[in-house]
Amino acid sequence: MKKALVAVIAASDSDLAVMSEAVKVLETFDIPYVMTISSAHRSPAKTTAYVEKARKEGVKIIIAGASLAAHLAGVVAAHFPLPVIGVPLKSGALHGFDALHATVQMPPGVPVATVAVDGAKNAGILAVQILATGNEALEKKLIEYKKSLAHGVLEKADKLEKIGWKTYIDEKK
Amino acid sequence: MKKALVAVIAASDSDLAVMSEAVKVLETFDIPYVMTISSAHRSPAKTTAYVEKARKEGVKIIIAGASLAAHLAGVVAAHFPLPVIGVPLKSGALHGFDALHATVQMPPGVPVATVAVDGAKNAGILAVQILATGNEALEKKLIEYKKSLAHGVLEKADKLEKIGWKTYIDEKK
Amino acid sequence: MKKALVAVIAASDSDLAVMSEAVKVLETFDIPYVMTISSAHRSPAKTTAYVEKARKEGVKIIIAGASLAAHLAGVVAAHFPLPVIGVPLKSGALHGFDALHATVQMPPGVPVATVAVDGAKNAGILAVQILATGNEALEKKLIEYKKSLAHGVLEKADKLEKIGWKTYIDEKK
Amino acid sequence: MKKALVAVIAASDSDLAVMSEAVKVLETFDIPYVMTISSAHRSPAKTTAYVEKARKEGVKIIIAGASLAAHLAGVVAAHFPLPVIGVPLKSGALHGFDALHATVQMPPGVPVATVAVDGAKNAGILAVQILATGNEALEKKLIEYKKSLAHGVLEKADKLEKIGWKTYIDEKK
Amino acid sequence: MKKALVAVIAASDSDLAVMSEAVKVLETFDIPYVMTISSAHRSPAKTTAYVEKARKEGVKIIIAGASLAAHLAGVVAAHFPLPVIGVPLKSGALHGFDALHATVQMPPGVPVATVAVDGAKNAGILAVQILATGNEALEKKLIEYKKSLAHGVLEKADKLEKIGWKTYIDEKK
Amino acid sequence: MKKALVAVIAASDSDLAVMSEAVKVLETFDIPYVMTISSAHRSPAKTTAYVEKARKEGVKIIIAGASLAAHLAGVVAAHFPLPVIGVPLKSGALHGFDALHATVQMPPGVPVATVAVDGAKNAGILAVQILATGNEALEKKLIEYKKSLAHGVLEKADKLEKIGWKTYIDEKK
Amino acid sequence: MKKALVAVIAASDSDLAVMSEAVKVLETFDIPYVMTISSAHRSPAKTTAYVEKARKEGVKIIIAGASLAAHLAGVVAAHFPLPVIGVPLKSGALHGFDALHATVQMPPGVPVATVAVDGAKNAGILAVQILATGNEALEKKLIEYKKSLAHGVLEKADKLEKIGWKTYIDEKK
Amino acid sequence: MKKALVAVIAASDSDLAVMSEAVKVLETFDIPYVMTISSAHRSPAKTTAYVEKARKEGVKIIIAGASLAAHLAGVVAAHFPLPVIGVPLKSGALHGFDALHATVQMPPGVPVATVAVDGAKNAGILAVQILATGNEALEKKLIEYKKSLAHGVLEKADKLEKIGWKTYIDEKK
């Protein structure tokens, strides 16, 4: 097994389903990764130890997803010198407004690269983009990926033009 | 000097002025305290070490004030088994909405007793109330304090009745 | 029956289910408690009388949960010299943003120790933490509780590592 | 002196300047009133006693202005069977969003007639409107007042048409 | 049939169910009322004409409920010299935050007495309170109503004490 | 087929159902239109090319609907010299608050005519209104449409008066 | 003087300074306009009459700017069959969040083309764009305007490149 | 001069002062960069061309700062396959809530690594962290930087302990 370049941390096992979107992207791009569950608040020692270990074993990026007063990414960033990507999760009464604020509003000196609420897929892509800054093959794959995104839209637009919006909507139901 | 019962942590020295309102209350009630500056993100090791030390030296309550993605109180609460009081601070573009969310929305298992945005004075009073649960003399002082609050209002109301609102407002200018 | 140390007040019987999470914690830690329903607005006299009675009978902490313009904790705090813990509840159109503001933004002099929206479990834990400031046996239990939280996370992380995220998520469905 | 029909309560003397806008309206419409300072949290006994006394002495409407977790109007409404008008005040970090939520979101059974943030003038007008439901002379005055509002706009519009917007703006500077 | 004292206007027929809560209160207190559907935007002429007619026929209070950019109460208030009660309704993506702002934030000179989002029941009670300022029999009924609210809470509290929270919650399911 | 005067762009095919409300209005008013799917982010080249082509072929108005960080209307407006109508869509955790901000808060120089969250129907009407500024027949149709809106309300009001609110609500169930 | 094509309405004379930004754009593009002050709430009859008159005299677009519970644009739109552009203004405690909601969230059937908070300049440009849908000379001017916007940016970028950011910032001070 | 690895784009020259904080970090870490002004809306062609050119010349990261409906980072991300860092800027009535939503809530497929409102300094640090994933010397510098952050806090804490909070606050005035 190749040495992991990315570590993905979910704050609780109820966050795994959303966070798996990040992992799927990493698998698509063949990025070796590790994944765990750890909480900034319930298992702080594990979180810190995991970050230290990850750094020593050559992990280059950590993706952390948490909801509510989402401190996980910030705590990881406090200990990790390389990029930390934060995914604010929407579960809870305040619908992710809380997690967004708690993830993105980091003070000067300790950034967290924040993606959209529940935006785990983009966290995975951002990790690939970061690795691609030093890996031309990966950059090419990303350019292909960008093309495939555009292509997917074009196909849908073509279909819409062909069958009309009424049929299109009916088919989607 | 008596053993500190309360530790007050400001996330940065720019927060000292607001956080000093908590300390003034502690002094008024003769509660021995210690105060420091430590950041959840810039000095995480110090923060954790300070919390451990505080606990060993008999500190019963920690008051933590921070702005933005205000993680300080949450990080302290992750390591401290006794009450942690969080003061969300308003500095920054989002006016404390961010700090409020990041402080109060703690996940199940690890509470932070949150007071109002910039509510450091109330953090001090809450600390005294907590200590008073095991100290009748202190409880009596708090009852006196409550009376003095009411008395202060009554005096103002009397003055208002006597001089009328126009004069009252003019005098305040 | 032991003398109650904590009183739990729900603003209406529709809040009982959420507020029972606080009570379950108190039972787990063997803290004697009383529980009632009382509204700051519909039964203000009962609320005030209950608070007075609670104080005289030795209650040390009151936990109050309410939704909307959630005044219950503030009204209790106006009459109770010891710690009042407020639980903002999310029911209603504004999803708890209203109850959070109405509970946490107390003016100087009268704090309410506020926990997360619907965070009744943490209200229970905070009450135990407060009592533990004067009770070493309870503090030890809380340290054990903290360990059990961490242990729970570690077990989930181990399971995740063993069976992989796909199986883990499938099993949870 | 005529018996007061309206009581105006400011939660603190720093709120007097804003709340005086309500009083000025009452004076313009010759409505006898009383005014005091009382806090839901710092002087709850006075607040309740004042409300009881007001009711017994024939006060028909209470106007209450408060900021932050603005409970004053709600507490008054809990004890007063006739209309309570709430003025949410903007002072504090959250700019009145908190006071608005804490004033307007009253639970079923106990309404507070809420006006705009810092809308004390409208609280005064609303009080006059309420009294005018049983007083035709007052209703006529209100119809005149409505005309004067319209007239004031028409005069400004005429002036604008005559001197042009550039001059108008220059003159206002 | 007695002359209507209150007019209730729903902005659309989809708002009737919520607004009927106001009407039920009026029926309980034997207040004669009329009810209609009219929109500030789709039927502005009818709205204005209805308000004029209501005033001439002796209506003393208008209750208006609308969602989204809820202008109905404000438009009514622009034409009606007596109290207008606004009920912001929550339907729509922004959950009533929009209707609350559009209803309560009226400019100086033209108040709308705003109740909670979807708070139609309280709009009805407020209308009764307003009429009671000139009607002692009605005031007495309101005092009885206040007592019944308190009594309802006390009964629930007694039941809770008797059967315990577990049984209480189970019975409610 | 007549030359299209309006182009409707949905940011993704999941937005087609909402956006079809705009198209239905255009069909009702016999406005020739084209519709496509294109994303500001996934297919930026297509978006720009489509806008250029639309302009050259005589399209006078573009309606663009997007959710989240809804840039589509803004990107279209950057390239199109004639009116761009933006429809913020509510899908996603933040309920459309994000799309509203991203659509309406355009910087000086490049307006987007923004309608309500999910307000695609109004986008269609606005497009018709814009075309009607140079087309009296269309203006007459819009005046008829306005009358039909009022008429619809009047019919409902009549029905309500006839059958009473209880029956009306029952029938709607 | 040419017949006015655009009418600009400010809700109060304190809004004239912001709203003059719309007028300046109209002057730049040689669009004949009229401007007045009228309030949806204080001068509703004038507002309606003004709209009727404007329509009869051939006004094609109305721009309306208001703050707080900003109903002006909606009231205008209720009476005007052609495009209404709404400018939410920020004055007041809630910083324009209220005016934005009250302006943009119009119900189906009656759109208001909303621009940014205090975005009066864009309201002017949007009016020109609307008129340009039937006026090729105007469309050309708008294309020139778009170029000038781009040119302005390029000049600044060139200057920045030439003198460096430190000097650039210093010169701006 | 070395080939630029980072491009910094400010949406307008009024954003240069804030965005220069990113540049200062890049200079501190000796990262070659280029900086320009370009707007997603006013100069879209330049923006796209600049991004293309940057990519061809080997730029690895683009930092984009914009306010209001802040589309700049998203537009850049639509064309750039490598990491884009977005800085939401607070200028404007809505205090940066709008820019935060418009920057961070990117749809699946096209991430923007978002930092805090006005968090340009952290954008610079994040860029360095990204480059450090492939550059051990840079990683070491970042570890040193982290230590210096902690050291700065420790020095302040020592000073506080030595001179006391009263003197500390006085000295800062």
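Observations on the structure shown:
Order as written gives the chain letters A, B, C, D, E, F, G and H; numbering starts at 1 within each chain.
Following the convention adopted for this analysis, contacts are C-beta pairs under 8 Å (C-beta built on N, C-alpha and C of every residue); 3 or more make two chains touch, one makes a residue touch a chain.
Please read all numbers here as calculations on a predicted model, not as lab measurements.
Listing every chain that touches chain F and chain G alike gives E, H. The chain with its Cα centroid farthest from the Cα centroid of chain E is H.
Interface repeat of A-C: among C-E, E-G or F-G, the matching pair is C-E, sharing over half of the residue-numbered contact pairs.
Centre-to-centre separation between chain A and chain D, using Cα means, comes to 51 Å. Look at where the CA atoms of chain B average out and do the same for chain H: the two points lie 33 Å apart.
Chain C and chain H, compared by their mean Cα positions, are separated by 41 Å. Remark: chain B and chain G have CA centroids separated by 47 Å (rounded to whole angstrom). Along chain C, residues 12, 39, 42, 44, 68-69, 92, 94-95, 97, 100, 104-107, 109-110, 112, 116-117, 149 each make contact with two or more other chains.
Touching chain pairs in this entry, ordered by label, are A-B, A-C, A-F, A-H, B-C, B-D, B-H, C-D, C-E, D-E, D-G, E-F, E-G, F-G, F-H, G-H. The touching residues of chain B, counted against chain H in their complex, run 12-14, 16-17, 20, 23, 35-39, 42-46, 68-69, 92-95. By the touch rule above, chain E contacts chain C in their complex via residues 90, 95-97, 100, 116-118, 149-150, 152-154, 156-157, 160-161, 165-166, 168-169, 172.
Listing the residues of chain A that touch chain B in their complex gives 11-12, 39-42, 44, 48, 67-71, 74-75, 77-79, 92, 94, 97-99, 101-107, 109-110, 112. Within the complex formed with chain E, the residues of chain D that make contact are 60-61, 81-83, 85, 100, 104-117, 119, 121-123, 125-126, 129-135, 139, 142-143, 145-146, 149.
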